[in-house]
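These are the structures in question, set out in turn.
Shared chain: chain A. Partners: chain B in the first complex, chain C in the second.
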Partner chain A sequence: MLVQIGYSVSYGDDGSRAVRARLEYPLGEEPLRWAGLAGPIEALSVLQTEERLTLAAAAGDAVQVRFYARPSGFAFVDADWQERGKLNIPLEAAPDLDGSSRRMMIGGNRQRFLFVQADARSLAVYDLAADARLHALTQVAGEGASITALERLSGGTSLLIGTSEGALSQWFTNVDAAETFVRAREFDPLEGGPVRGIVPEQGRRGFIAFTDADWGIYHSTAGRRVLHLEDAGIAAAAINSRSDRLLLNTASGVRYYGIENEHPDVSWTLMWGQVWYEGYAEPSYQWQSSSASSDYEPKLSLVPLSLGTLKATFYAMLFAIPLGLAGAVYTAVFMAPEMRRMIKPTVELMAALPTVILGFLGGLMLAPFIEAHLPGLALFLVLFPLFVVLVSLLWQWLPGPAGSWAQRGWTALILLPLPVLIGWGCIALSPGLETRFFGGDAPAWITANLGISFDQRNALVVGVAMGFAVVPTIFSIAEDALFGVPKQLISGSLALGASMWHTTMHVVLPTASPGIFSALMIGMGRAVGETMIVLMATGNTPLLNFNMFEGMRTLSANIAVEMPEAEVASTHYRVLFLCALVLFVFTFILNTTAEAVRQRLRERYGSL
Partner chain B sequence: MSGADKNALIWSRWRGSREGGVWLIASAISLSLVLVLGMILLLAVRGMGYFWPSEIIAFEYREYREDPWMPVQGEVVGREDVIAAQLISAGYELESDQGTVERWLIKVGNRDVGPSDFLWVLRQHTRALKVPEDVAVIERLEWGNFYGTISELHRGDERIGRAQDGSEALMDALRESIERAEALRIQVREIEKHDIGTINAALNALRLEERGLNLRGEWSPEHAARLERARQVQQQAFEQLSGQIAELREQLMRDSISVVDAEGARHEIELEQIVRVLVPNRMGVFSKLAAYLERIWEFLSDEPREANTEGGIFPALFGTVIMVLLMTIFVTPGGVIAAIYLREYAHQGMLTRIVRIAINNLAGVPSIVYGIFGLGFFVYFVGGEIDEVFYSENLPAPTFGSPGLVWASLTLALLSLPVVVVATEEGLARVPKSMAEGSYALGATQFEMLRTVLMPIISPAIMTGLILAIARAAGEVAPLMLVGAVKLAPSLPVDFTFPFVHLDRQFMHLGFHIYDVGFQSPNVEAAQPLVYATAFLLVLIIIVLNLLAIQIRNNLREQYRSLES
Partner chain C sequence: MWSYLRENRRKLVDRTAAGVISLGGYSVIGIIALIFIFLFGQILPLFLPADEDALAEYSAPAPTAERVLLDEYGQTGLWLDAGGALREFSGESGELLETFPLLGTAP
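Moving on, here comes the complex of A and B:
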C-alpha cells in the first residue's frame, strides 16, 4: 500500500491560512500484492514525478518493478495512476551484506535505473529502459568498508552513498556514450563511525548525514559541509520542505533545530573551480543559472563569464589601441593646430555616442555585413596600410605648395577619401574573392577548413563596435599626455639633428609613457564594464574560448540579461551582485592604477 | 638638377624622415573620422529615409521555375548582392553560378491577409516590372500597412465614391472621412485617458483608504457607508462615460473603404482603423514633402503602435526628458557643493587627493554596476522602507519598492556626479586669484565672496558640466534596464491626476526603446526603420547637447582670457 501525506490549503475570511495534512493513497487503499516474489520484502523504493511513478520491491532472489503513469496538465489535476508494466529481475540470493538487509533505490534521469546492493561494497545498476539489463556492477565503498546508507539526492539523478567508515560520496550515471556509473565527488567524512542515515533536502541539492555520534549538513554541487556537530546516539533525522527546521532523535531525546542556511549552494570551488555537474561527462566550468524545472541543478561558475569579459576586452583593445594611440601621437605631435582644434571636439563627440546605438549597429548591421564580406575585410586590413604608404611616397613628387601643405600637418585630411575608396573597392571585390577562394561561402569555409564554428554575432563584431567606443577614451587621455610633454625637450632633440619622427619615438613617447599607460588602463576599464554593446552584438552564450568567430557572455551582459528575472534575495540574485562586485573590483584596480600614475606624471612635468 | 637626382633626393628624404610612418599614424585619424561620419550618415539616411513616401512597384515573381507567377506590389526597402554560389547551394536555380545576384527586400504589407509583410525576391526571377499609378498605401492602427487600389468609399449603407467615377472626388471624400474619424478617435481617447483615468484613481484611493482604516483598526459602519456612497458616485460617472464611448464608437464604425489587393481580391477596411492614405506614385515632390514632415511629426508626437514597431516614440522621448530633468535636480546641488568645498574650503592634502582619485574612479565604474547598486540600495532598501512607513496599506504591492522614475534619476545622478564635480572644479581653477583677493580686500567673508563673485563667474562652467551630464544620462541604458525603464509604460510619469508627477511610475526611455525594439521585437524587419530613426534622434540630441557644452566652454575661455589681461 502506498501512503502519501497530502496538504490542503484553505483561506479564512479574515485572510488567515489553514493548512491541513491528511493521508492519501495514490495507488488505492487496497494493499498491493507482489505476485512472483517469494519471502518477506527486504527493500522498497518509490520514485514519483508529475506523470510517472515507479515502484520496486526486493524479496529473496528477485526484484519486481512496477511502472505507473498518469496524464498531467491543468485538465488532469490528481488523475489516477494507471499501471503500465511490470518487470522481474533475478538477483543473487542471500549475498554477504555484513549482516544488514539489502538496500535498493530507483533513480537516474527519468527514473531509468534501479540500483540494488549486490554485496557489502558493490551496487548493481539495472537499466529499466532496456528490460532491466545489468548495466554496471560497481564497487562503491572502499576496501574493508561496507555500504551503510543509500539515498537519492533531490532531483532523483544522483545517489548518495554512506559507508561504515563514515565516508560520503555522490554517484550518478554519466551522459557519455557508455553511460558509466561514476563517483562525482567525495564529501568530508563523518567521524562517529558508520553512516546511519542520509536525509536529502527538498528542492535543492543539500542533505543531512548522521552517524551515531555526529551529524552534518552538506551541499552536493558546492561540495561542502556547511555544518558539523557532535551528539550522542543519533537514531533518526528529519527535515522540513523549506530546509529550515530539523528534528534529530538522539539518546537524550528528540532535538528540534531551527536552521538558518539560505545559501549552502555557493562555494569558492563552485564559482571559480571545475565542478562535476549531474549528467556531465567530466568536471567543467559552466554558467547556466536557471531553468523552468526545480529539479535543475544551477551551474554558477564565474569562469566563463570572466573569460568572456577578457575576450571581449582583448578584441576591443586589439582594434582600439592602434587607432587610438596612432591617432593621439599624430594629433599631439604632427597635426596642424587649426586642425587639432577641430579634431579634439569631434573625438569628444565620438566618446559621447550612446553605446546602445553602437551595440544596435554592431548587432543588426555590422554583424551581417561582416559575415557577408569577410574576404573584403581581410583585404582591407592588408591594402589600407599599403596604400597609405604608397600615397605618402607619391605625394612627395607633387610640386611646391601641395607637398609642403602635407608637411604642415594636414595629412589626416588628405587621407580622408582613402578609407572610403579602398573600403568601397574591397567590398566590390569581396564576392569575387569569396567565390574564387572560399567556395562562395567564407563562414562555411572557415568551419570546414579551420575547424572553428562561426557565429554571426562574434568577437570580431564586438571588437570593432566596442573598440569604436574605447578609441576616444584612449585617444583623449594619451593625446593630453603627449601634448603635455615639455616643448624644450622636443626643441632640444630637433636641435641635435634628430628628425621629427625620431624625436617622437625616442623623446616624446618615452616621456609620455606613464600617461599612455594610464590611457590604456582607463580604456580597458571602459571595455571591461561596457554592457550594451556586448549585450547586443554577441549571442551571449557563455563560452570558454578565445575564438574570433564565436561570441561570448560577459559579466556585465550577464547581469543585464539575468537580473530582471532573478528572484530577489535568492542565491542567483546574490551571485549576480557578486558579478557586479567582481566588475567593480576589476575596474577599480585599473582606474586607481591609472589615476595614481597620472598624478605622478603631473608632478614630474611640473618639475620640468 | 636632373630628374634622376631629384627622384633620388625625394626618395632619400621620404626614407630619412620616415614619411610613411607619419602618414600611417595620420591614417588612424582619417579612419576614425570616416567611421564616425559614416555612422552618423548611415543613421540619418536609414532613419530619416523611412518617412519619405517611396515609390510603389508591382511585378510578377516566382521563387522556383516550377512555381506559378505571383503578382506582388509594395515598396523596395532593401537591396543587396548575394553570391550566386551561396544561393545555388541553398537550392535556387540561377542563370549563372558566377558573380552575384541582386536581391530585393519588398515590403508587401497586408499582414492580416498574406503570410508575411516582407518578401525577399531575386531580381532575376521577376517579370513585368511596372510602377502602378493608383496603388495606395493605407496606414492602419493595427496590422501595419495595406497596399492596394481603393475602389469604393462607403458611408453607412451609402456608396459615396467609386474609383471609376474619378479618383480625385473619391480621394477628397476619403480625406474628409479620415479627418472625421480622427476627430472621433481623439474624443474617445480623451475620455478613456483623462476622465476614466481620474475615476480609476479615485476608486483606487477609496480602496486604499478602506485598507488603511482596516489596518489601523478604525473601521466602522459610518466609514463603510461613506466609502460605499463615494464608490457609487464614481461608478455612475463611469457608466455614463462608457455610454458616451459606446456612442462615439458607433459613429466611428460608419465609414469603410473597399480595397483591391495585388491578387485582385477585395477587402473592406473600416475607416476607424485608418491613420493615413497616400498614393505615392501620383504625388509630386511637394505633396511628398508635406507627407514626409507629417510623418516625422507623427513619429515625434504619437504613441507607439503594433508592439512599438509603428507609430511614434513620444512616451519614450517624454520619459527621457523627465528622467533627465529630475536627475539634474538631484545632481546639481551635490556636485557643485562638493566641488566648491574641495577647491575652496578643504585643506589640500592627502585626504583631498584621495577624494579626487575616488571621484575619478567613480567616473570609471561600469554603468551596470550603478544599475545593480540602484536596484539593491535605492529600490529594494530605500524604496522598501518608504513603502513600510508610508504606503503600508498598499502592501504587498510595492509603491516605491519597485523600479521607477525616481530611482532611475537618482542612479543616473550618482553616475553623472563626477562629470559635474570635475567641470565645476575646472571652472573654479580658471578663476584668477586676484578676483577673490580683491573681494576679501573689500571686506567680504569667504561665503560672500563665493556667492557674489565666484558663483556668477563659474555658472557657465557648471552649465557645461550639467549639459555633459545630461548627454551622458540620455544615452545610458544599462542601469535603466534594472531601475525603471520598461518597453511599454501604460501611462506617462506626468499627467493630470493627482499628484501630477508620479515618481514611482515606470517610464519609457529612448535608449532602452532602441534596445527593446531592435532586439526583442518579433518582427525585426518591420521594426528596423523606426529603430534607426530613434537612434538618429538620440544621436542628434546628444550631438546638440555636446556642441552646446563645447560652445559654452569656448566662450568661457574667451571670458577668462579677457579677465586675465
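Moving on, here comes the complex of A and C:
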C-alpha cells in the first residue's frame, strides 16, 4: 500500500495558520501484493515524478520493480496511475550485511537505476532501462567499514552513503565515462560511531546526517558542512521543505530547531575551484545557474566568466591598440593640420555610437560576414602588411608632386584606396580560396584539421566590434597627449639632425607616455566593463578557453542576462552581485595600477 | 576702485568654482564607496555561517521512530512508529493531533 501525505492549509480569522495532514492512496487503498517474492519484505523504495512512478521491493532472493505511468499536463490533474510493467531481479539470497537489513534505492536520472546493497560494503547498480542489466558492482565503504545509511539526494541523481565509521560520501552513475558508478566527493566525517541516518533537504542539494551523538547539515555541491552540533541518542530527524525547521528525536526527547541557513550552496571551491557536478565525467569549472527543471544542480563557477571578461578585453585591445595608437601618432605628428581638423572630430564621433548598435552590427552583420569570408580575412591580414612595405619602397622612387604631398602630410588621403582595394580583392578571392584549399567550408576545415571548434559569434567578432568602441577613446586621449608635446622639443631634435621618425620615437612618444598610458588604461577599463556589445555578439556561452573562434560570456553580460530572472535575495541573485563585485575589483585594481604607473611616468618625463 | 571690485569678484568666482569642482570629485569617490558598500551588503549573506535556534523541547509522540516528516512550514509533524501507526502532532509543541493506524489496527 502506498501512502502519500497531502497537506491542507487553512487560515483562521486572526491570520493564524493551521496545517493538517491528509492521507492519499495513489495506488489504491488495497494493499499491494508482490506475487513472485518470497518471505518478508526487507526493503522498499519509491520514486515519483509528475508522469512516472517506480516502486521496488526486495525480499529473500529477488527484487521486484513495478513501473507506473500517468498522463500529465493541464487536462489530467491527478490522473490515475497505470501499471506499465514489472521486472524481477534475482539477488544473492543471504548476503553478509553485518547484521543489518538490506538497503535499496531507486535513483538516477529519470528513475533509471536501482541500487541494491550486495554485501556489507558494496552496492549493485541495475540499469532499469536495459532490462535490469547489472551496470556496476562497486565497493562504496572502506575496508572494515560497512554501509549504514543510504539516501537519495534531492533531484534523485545522486546517492549519499554513510558508513559505520561515520564517513559520508556522494555517488552517482556515469553513463558515458569508463567508470560507471563514481564517488564524487567525500564529506567531513561525523563523530560518534556509525551514520544512523541521512535526511535530504527538498529543492536543494543539502542534507542532514546524524550518528548517535553527532549531527550536521551539509551541502553536496558546495562540498561543505554548514552546521555541526552534538547531542545524545539521536534516532531520527526531519526537516521541512523550506529548510528552516528541524526536528530531532534524541534520548532526552524531541528537539525542535529553527534553522537559519539561507545560502549553504556557496563556497570558495564552488566559485573558484573545480567541482564534480552530477552526471559529469570529471570535476570542472562550469557556470550554468538555472534550468527549466527543478531537479537541476546550479553550477556557479566564476572562473569561466572572469576568463571570458579577460578574453573579450584581450581581443578588443588586440584590435584597438595598434589602430588607435598608430592613428594617434600619425594624426598628431605627421598629418596636415587641415586634415587633422577633419579626422579628429570624426573619430571622436565614433565614440558617440551607442553600443547596442555596435553590438547589433557585430552580431548580425559582421559575424555572418566573417564566417562566410574567413579565408579572405586571413589573406588580408597577411597581404596588408606586405603591401604597406611594398608601397613605402615604391614611394621613395616616386618623384615630383606625390613627394611634396607627402611632405605636407596628405599621404593618408592618397593611400586610402590601398587598404580598400586590398580588402576588396581579398574578399573577392575568398570563395575561390575556400573551394580550392578548404574544401568549400573554412569553419568546418578549421574544426576538422586544427581541432578548434568554430562558432559564428566568436571572440574575433567581439574583438572587432568592441575594438570599434575602444578605438575612439584611445585615439582621442593619446592624440591629445602627443599633440601637447612642446613644439620646441621637436624643433630642437630636428635641428640637431634627427629625422622626423627618430624624433617621434625618441622624443615625442616618451614625453607623451603618461597620456598614452592613461589612454590605454581608460580604453581597457571600457572594454572590461562593456556589456551590450559582448551580450549581442558573443553568443554568451560560458566557455573556458582562449580560442578566438569561440564565444565567451563576460561578467557584465552575465549580470545583464540573468539579473532580470534571478529571484530577489536568492543565492543566484547574490552570486550575480558577487560577479559585479569581482568586476568592480578588476577595474579598481586596473585603474589603481594605471594611476600609479602614470604618476611615475609623469615624474620621469614631466620635467622635459 | 572698479578694478579692485572686479578683482574681488574674480577671486570669488575662482574660489566657488574650485569648491564645486572638489566637491564633485569627493562626491564621486563617496558614491563609488557607497556602491562598494551596497555590493558588499548584498553579498555578505552568502558568507554568513548557518545558525540554529532551539525553539522547543518535548517528549516523543511514540517510543520508536521509523520515519519523521515535517510539512512545508515545519508546523505539523508526522511520526511513523514501528507498529505502523502514523501520529500527527504539532511541531511547535508536540501536542498529538490525530493518529492514523496504517496497518489497520488501532494503537
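Simple rule for what comes next: the second predicted complex is superposed on the first by the 532 of 608 C-alpha atoms of A that agree within 3 Å, B and C clash if a C-alpha of one lies under 4 Å from a C-alpha of the other, contacts with A are read in each partner's own complex, and residues count from 1 in each chain.
Definition applied: a contact is a pair of C-beta atoms (placed from the backbone, for glycine too) under 8 Å apart; a residue touches a chain by one contact, two chains touch by 3 or more.
Not measured: the values here are computed from a predicted model.
Upon superposition of the two complexes on chain A, a steric clash is found between chain B and chain C. Of the two partner chains placed by the overlay, neither chain B nor chain C lies in contact with A:496. By the document's definition of touching, of the two partners only chain C reaches A:261; chain B does not. Contact with neither chain B nor chain C is seen for A:232 once the two complexes are overlaid on the shared chain. Touched residues of chain A, counted separately for chain B and chain C, are more numerous for B. Of the two partner chains, neither chain B nor chain C is touched by A:452. Once chain A of one complex is fitted onto chain A of the other, the partner contacts of A:41 are absent, as it touches neither chain B nor chain C. Shared-chain residue A:589: touches no atom of chain B or chain C.
In the superposition on chain A, contact is made by A:253 with chain C only, not with chain B.
Touch criterion met: A:575 reaches chain C, while chain B stays clear of it. Put simply, of the chain B stretches 277-285, 367-375, 439-447 or 475-483, the part that bumps into chain C is 439-447.
Comparing the two interfaces of chain A, the one with chain B and the one with chain C have residues 577, 580, 584 in common.
Residues 322-324, 326-327, 329-331, 334-335, 343, 345-350, 352-357, 359-361, 363-365, 372, 384-385, 388-389, 391-393, 395-397, 411-413, 415-416, 418-420, 423, 431-432, 434-435, 439-441, 468, 471, 475, 499-502, 522, 525-526, 528-532, 535-536, 556, 559-560, 563-564, 568, 576-577, 580, 583-584, 587-588, 590-592, 594-596, 599 of chain A touch chain B in their complex. Those residues of chain B that touch chain A in the complex are listed here as 10, 13-14, 16-36, 38-39, 42-43, 80-81, 83-86, 89, 98-100, 353, 357, 360-361, 364-369, 371-373, 375-376, 380, 468, 471-472, 474-478, 481-482, 511-512, 514-515, 518-519, 524, 528, 531, 535, 538-539, 542-543, 546-547, 550. Here chain A touches chain C in the complex through residues 1, 3, 5, 7, 17, 19-21, 23, 217, 226-227, 229, 235-242, 244-247, 249, 252-264, 266, 569, 571, 573-575, 577-578, 580-581, 584, going by the rule given at the top.
Note for the complex: chain C touches chain A at residues 35-36, 39-40, 42-43, 45-61, 65, 67-78, 86, 88, 91-92, 94, 97-98, 100, 102.
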